[in-house]
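Please find the structures below.
There are two complexes below, and they share chain A, which is joined by chain B in the first and by chain C in the second.
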Partner chain A sequence: MREKYVGKPIPRVDAYEKVTGTAVYVTDMFFPRMLYGAVLRSPHPHAKIKKIDVSKAKALEGVAAVVTSKECPYRQGIYLVDRPIFATDRVRYVGEPVAAVAAESMEIAMKALELIEVEYEPLPAVFDPLEAMKGEVLIHPDLASYERLPIYNIEPEKNVFHHHKTRKGDVEKGFKEADYIIEGEYSLPQIYHAPLEPHGAIAFYDFNGNLTVWSSAQSPYTLRNLIAHAFKMSRHKVRVIAPYVGGGFGGKAGINMEGIVIALAMQVPGRHVKLIYSREEDIMATVVRQGMYAKVKAGVKKDGTLVAWEETMVFDGGAYAEYGTNVVRAAGYTTPGPYYVPNIKVDSYGVYTNHLVGGAFRGFGHGELHWAVERHMDKIAKTLGMDPLELRLKNVLRPGHTNAMGQKMHEHTGNVEACLKKAADLIGYGEKPEQPKDRVKRRGRGIAALVKAPAMPTNAASSVVIKFNEDASVTLQVSIQEIGQGFNTAITQMAADALHISPDKIKVVFPIDTDANPYEWQTVASRALWTVGNALYRAAEDALSQIKNIASQVLGVAPYNLEVEDDRVYIKYDPEVYIPLKDIVMGYTYPDGHAIGGPVIGRGSFVPERLTNLDPETGQGNAAAEWTFGAEAAEVEVDMETGEVKILKLVGVFDAGRVVNPMIAAGQIIGGMVQGMGPALFEQITYTDDGKPISISFTDYKIPTIADMPDEMIADFVETPEATSPFGVRGIAEHPMISVPPAIASAIYDAVGVDINDLPVTPEKILKALKEKHS
Partner chain B sequence: MIPFRFSYHKPSSLSEAFEILSEDGAVPMLGGTDLVVKMRAKRVTPKVVVDLKFIDELHNVSFSEDEGLVIGAAVTMNELIEDFAVVKERFPVFYQAIKKVGAYQTRNRATVAGNIANSSPAADSVPPLLTYNAKVKVVSADGERLVELKDFFTGPGRNVLKPGEIIHSIIVPYESPSIGMYYKISRIKAVDLSTIGVALTIIDPDGKRDIRVALASVAPTPVRAFKAEDYIRDKELSASSVERFAELVQESTSPITDARGSKEYRWEMAKVLPKRILRELGLFEGVA
Partner chain C sequence: MTITLNVNGKNVQVDVQPNETLLDVLRNKLYITGPKEGCGNGECGACTILYNGKVVNSCLVLALEADGAEILTIEGLTKDGRLHPIQEAFIEENAFQCGFCTPGFVISTKALLDRNPNPSNEDIIEALAGNLCRCTGYQTILKAVKRAAEKLGVEK
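Coming up: the complex of A and B.
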């Protein structure tokens, strides 16, 4: 691909809208006679619903509709259809929707909620996934009857919604060959996405049975698909319009709270119903990242060579599986991360509990798996008396190796070794950090690697339509959502290079409207530039060939002797002979008035090539289309009297293939590293002993603020062009968050000699470990 | 949104305010940074909200060595520390603590009087005011009274204010130059409540050297460690005397476990932080 605009730090195309506050989000939208929705939620983590009486609420003046599972008996779910839109016979977590109202004002809606009477009978609940696997309390007694994709392996008697198995080589043989067998346990709690904009949607149902939904959605088409599936509607009757999304991080993928507002709208055809979640509802009743417990056993040679890796991962999936099914699968097939091990046995379990619902979260299982893998690599290094970086470099995946699912690594797959070396260099690894004069404060450095591929169906499709306008400007239609990642800017740069025109002449159609924009699977999995880039390349080739075909007739030369550049199409061997592009793109009109050709519309579609499902017993196959490697490093200062940790410096280096916009990519990395700091040090969903969530507002769910920023953050790249992308690109969106916690934990060990294996690494845990060490 | 109906008034004089405050279910409001949050969560459901910040008289700030610093109830924290250099110069520990309250945006609205009236054990502005022997001027339709800040709090969210009474101003006596530090441990560095906050103020550091300590988030109310202060008065700051002093500070606390930290951690920090502050002020060499 000829590059003129790719690789340049072009300012964001949405910058003016965003900084002036004119960008429109769902919450900004109002319609005439609009009704306001509100939701009644379960106060119990697990209870039978004995009776719901909505008569008083219905009788309240200003109430237009009240909905329960009686009116809306549907379930939803992307891979496993397990989540009722309204709880039916039982509630399974605190915050689960039980009923909803639509009223003339928010105030009336809130008042109506108080008038709904629900009688519950509390059931025994289970909060620890290991406990849940004993099956004494069954959260989904009917799990076996739920509709699901066949690639997911349920174990209903153990509350397991997916058990993923990886079997590569022979681990028992590997352990026999090993000089050391090293075991460890690692865990992390549920965490919350904390997007600036909480979830919100508006629904409108007309008298022809057409449904329109405006939603803060990462996946307009998948949302449409899941709505139509849950409500048993034809796809063409459902229209999703997705304006700007104020942060998604996975939490706004697929379907979420939309079903509630749709159910209300269906009761009041002809009227819009709006439902915007409060922060408390957003934390409690959308999705959170799953908690995880992992047990690792690694076999290692004296020289540090890994020969066997056995691991059990148990995910706390909460009350419903959501994307968790695929999180569990992705973590299962990616472990042990960026390292080559000939013998691997991994069991990854997704387990129902009566906690908040787990779902997709930036990193999609990889933050979890790398916490266990990278902490364990440090433990192996310590046991062997080897430098942790040296151990990693010895074992990284290199061309010719196979990964856990048996895929062969090539030169073009990416270079984790280069990422590690660059990150080490940028953090000053190997030199001792200068220590503060205050002897109670000690500094240290740590490093961790990572790898992640898009976790997606084998046929996750993309498409692009390029429409030329009368003046040879271009409108680009695509259904990837701009969720802050800078997609609309990067795809403009790529389209400019693919079409050989200036980015000023290109507009990406926004907001996304499924009635108008072409199909796109989802804005998830760090795959947009890679997958849409392929579709775009084909659409651009299609448009250019139409232009050349028309020009070929006018100029009397073969299409292959023509070139398009900026505002003209010219003869390659005689560039002074040309036709202005604007005279071609609506068809060419001869001086005598007769015309040929027609409006130029380029079309490109793409599905990943050569992907397969995995063998259910061994997990071997070809499930990942492209792998992005990276390495992250941290320098910290630990206060040995208070246990407080100050992060002085963070470094992230990723093999992006090709960096399309260095400014936006660096922003993506810095944002991701900051999002990794939170779970490293303080973020967690906390519960009372009886399962009620505590941290459901920003009073107790803390995320980093500007005051917590490190003194220095460095984003850098390695560029090994991706062979499966015409632009050479691969994803980097989720990756920067992934290995920040293990890099920080490693730096804390380097500083004060204690290992914390349970996130978050709080001052209390550090002090306790220091005391144990000194006693 | 606030999910219930209430009426909102903004009186322009105290007498008008007293009249409205006498209505059933009336509460006073200043910045609203605590009250509005509680109303949104329906933890308080007043029928009448009386906004006091349109009363001119409550916006006064004055300072003289004889009268001390007088802070009108409606003065925002940012106005106080940005417009009145005397706060930083004469009451440095108070200044530091205000900077630790919420975020800058919070302090654009929040007031010291509100922080006191809210009576949270975690109120950051309170421990330093305790060390400066602050007093609260309380007014009502029946007159006025002066309450020592140390006697103001009666429990978490509770205080000696009677219905119809409001805080008029805070009076911080000026004794002599002081140095000191407010050390706050919290989960994140801003927009967080303290896990523990320790104010250590040394009045007249080059003369009589009176060390005073007060703490937040370690007892049902902010507490001042009088016993520790009495112990260390006129003593050399040696390893053993500071150790004993820190123990006595610790003994003045009765922490509990909550979402921000455990009882054990708070107990330990109640001893660690007074020593830490003395060390960071350069008054004591030892390392624990």
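Coming up: the complex of A and C.
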């Protein structure tokens, strides 16, 4: 691909709207006669619903509709249809929707909620996934009867919604060959996405039975699909419009709270119903990241060569599976991450508990799996007396190796070794950090690697439509959502290069409207530039060939002797002979008035090539389209008296294939690293003993502020062009969050000699470990 | 109850309920949607406005108490369709991603630079510690504030 705009730090196309406060989010939309929605939620983590009486609420002046599972008996779910829009016979977590109201004002809606009477009979609840696997309390007794994608492997008597197996080589043989067998246990709690914009949606149901939903959605098409599926509607009757999303991080993928407001709108045809979650509701009743417990056993040679890796991961999936099915699967097929091991046995379990619902979160299983893998690599290094970086470099996946699912690595797959070396350089790895005079404070450095492929179905499709306008400007239609990652800017740069025109002649159609924009699976998995880039390339080729075909008739030369550049199409071997592009793109009109051709519309579609499902018993196959490698490093200062950790410096280096916009890409890395700091040091959903969530505000669920920012942060790249992208690109948006926690934990060990294996690494845990070490 | 507000230089009268917040009135009654609700509880800064020249979380102000107040929101920063230097600096430094926190950060920056045209890193961190951003990691926001200070310094 000829590059003129790709690789340049051009300003964001959404900049003016966003700095002036005129960018429109769902919460900023108002319609005439609009009603306000509110939701009544379960106070119990697990209970039978004996009776719901809504008569008093219905009778309240100003109430337009009250809905429960009686009016809306539907379930939803992306891979496993297990989540009722309104709890039916039982509630399974604190915060689960039981009923909803639409009223003339928010005030009336809240009053109406108080008038709804619900009688519960509490059931025994289970909060620990290991406990839940014993099956003494069944959270979904009917699990076997739920509709699901056949690749997911349920174990209903154990509360397991997916059990993923990887069996590569012969792990027992591997352990026999090993000089050392090293075991370890690692865990992390549920965490919350905390987008600054809480979830929200507006629904409108008209008298023809057409439904329109405005939603803060990462995946307009998948949302449409899941709405239509849940409500048993034809796809063409459902329209999703998705304006700007104020941060998603996976939490706004698929379907979330939209069903509630749709159910209300269906009761009041012709009126818009708006439902915007409060922060408390957003934490309790959307999705969080799954908690995880992992047990690892690795077989290693004296020289540090890994020969066997056995691991069990148990995910706390919460009350419903959501994306958890695929999180569990992705973690299962990626472990042990960026390292080559000939013999692997991994069992990854997604388990129902009566905790908040787990879903997709930036990095999707990989933050979890790398916590265990990278902590364990440090443990191996310590046991062998080897430098942790040296151990990693010895074992990284290289061309010719196979990964856990048996895929062969190539030169063009990416270069984790280069990422590690660059990150090591940038953090000053190997040199001792200068220690503060205050002997109580010690500094240390740590490093961790990572790898992630888009976790997606084998046929996750994309499409692009390029429409030329009368003046040869272009409108580009695509349905990837602008959630802050800078997609609309990057795709403009790529389209400019693909079409050989200037980026200021291109507009990306926004907001996304499923009635107008072409199909796109979802804005998830760091796949957008890669997958849409492929579709865009085809659409541009299609448009250019139409242009050249028309021009070839006019100029009397073969299409392959023509070139398009900026505002003209010219003869390659005689560039002074040209036709202005604007005279072609609506068809060419000869001086005598007769015309040929017609409006130029380029069309491009794409599905990933050669992907397969994995063998259910061995997990071998070709489920990942492209892999992004990276390495992250941290320098920290630990106060041995208080246990407090200050992050002094963070470094992230990623093999992006090709960086489309270095300014935006660096923004993704810095932002992702800071998002990784929170779970490393303090973020965690906390509960009372009886399962009520405590951390349901920004006071009780802290996220990093500007005061937590490290003194220095560096984003850098390696560029090994991706062979499956005409632009050479691969994703980097989720990756920066993944290995920050293990890099920090490693730096803490370097500083004060204690290993913390359970996130978050709080001052209390450090003090306790220091005490144990010194006694 | 009817109150009078001066919002971005214009006087408006509006009917309010006793328990309504200033943020609700701005957004739902005057359709001034630049200030956002990120928490409704004084914890995130997305609703930041200037209130009689002081920086406040408008979700914590009762509308009734605001009678007669002079209010500046992000909408009041652009003059004759031209960006304010702070807004330019936010673009040049790429100091936003999803943009939901941006109106709050820009207004907090304005308040800081109004009282301290030459802030140190520590001053900036102190002034912006009540504004949450989940996207950017703050690095570019810090740079944008410094760049804005430079721009405004040159302008004077």
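Assume the second predicted complex is superposed on the first by the 775 of 775 C-alpha atoms of A that agree within 3 Å, B and C clash if a C-alpha of one lies under 4 Å from a C-alpha of the other, contacts with A are read in each partner's own complex, and residues count from 1 in each chain.
As a convention for this text, a contact is a pair of C-beta atoms (placed from the backbone, for glycine too) under 8 Å apart; a residue touches a chain by one contact, two chains touch by 3 or more.
Treat the numbers as computed from the prediction; the structure is a model and nothing was measured.
A.B. asks: Can A:Y244 be said to touch chain B (first), chain C (second), both, or neither?
C.D. replies: So A:Y244 only meets chain C here.
A.B. asks: According to the stated criteria, A:G484 is in contact with first (chain B), second (chain C), both, or neither; which is it?
C.D. replies: second
A.B. asks: Of the two partner chains, chain B (first) and chain C (second), which one does A:E17 touch, if any: first, second, both, or neither?
C.D. replies: second
A.B. asks: If we overlay the two complexes on their shared chain A, which of chain B and chain C does A:F682 touch? Say first, second, both or neither.
C.D. replies: first
A.B. asks: May I ask you to decide whether A:N210 touches chain B, chain C, both, or neither, giving the answer as first, second, both or neither?
C.D. replies: neither
A.B. asks: Taking the superposition on A as described, I'd like to know which of chain B and chain C A:I706 touches: first, second, both or neither.
C.D. replies: The answer is both, since A:I706 touches chain B and chain C.
A.B. asks: Pick one for A:T458: touches chain B only (first), chain C only (second), both, or neither.
C.D. replies: Touch partners of A:T458: none, neither chain B nor chain C.
A.B. asks: Chain B or chain C: which reaches more residues on chain A?
C.D. replies: Of chain B and chain C, C contacts more residues of chain A.
A.B. asks: After lining up the shared chain so the two structures overlap, which partner does A:E644 touch, if you call chain B first and chain C second: first, second, both or neither?
C.D. replies: A:E644 sits against chain B, while chain C stays out of touch.
A.B. asks: Have a look at where A:E107 lands relative to chain B and chain C in the superposition and call it first, second, both or neither.
C.D. replies: After superposing on A, A:E107 lies in contact with both chain B and chain C.
A.B. asks: Need the overlap of the two footprints on chain A, from chain B and from chain C, as residue ranges.
C.D. replies: On chain A, the overlap between the chain B and chain C contacts is residues 107, 697-699, 703-707.
A.B. asks: Can you list the residues on chain A that touch chain C in the complex?
C.D. replies: Residues 11-12, 14-25, 27-28, 30, 107, 193-198, 244-249, 276, 278-279, 483-486, 663-664, 666-668, 670-675, 697-699, 703-707, 709, 713.
A.B. asks: Touching chain A in the complex: which residues of chain B?
C.D. replies: Answer in residue numbers: 1, 3-5, 41, 103, 185, 187-193, 259-262, 264-265, 268-269, 272-273, 276, 287-288.
A.B. asks: Which positions of chain A touch chain B when the two form their complex?
C.D. replies: Counting only chain A, the residues touching chain B are 106-107, 110-111, 439-440, 641-644, 682, 686, 694-695, 697-700, 702-708, 762-764, 767.
A.B. asks: What part of chain C is in contact with chain A in the complex they form?
C.D. replies: Going through chain C, the ones touching chain A are 17, 19, 27-28, 31, 33-41, 43-44, 46, 73-75, 77-78, 83, 87, 90-92, 94, 96-103, 106, 124-125, 128-142.
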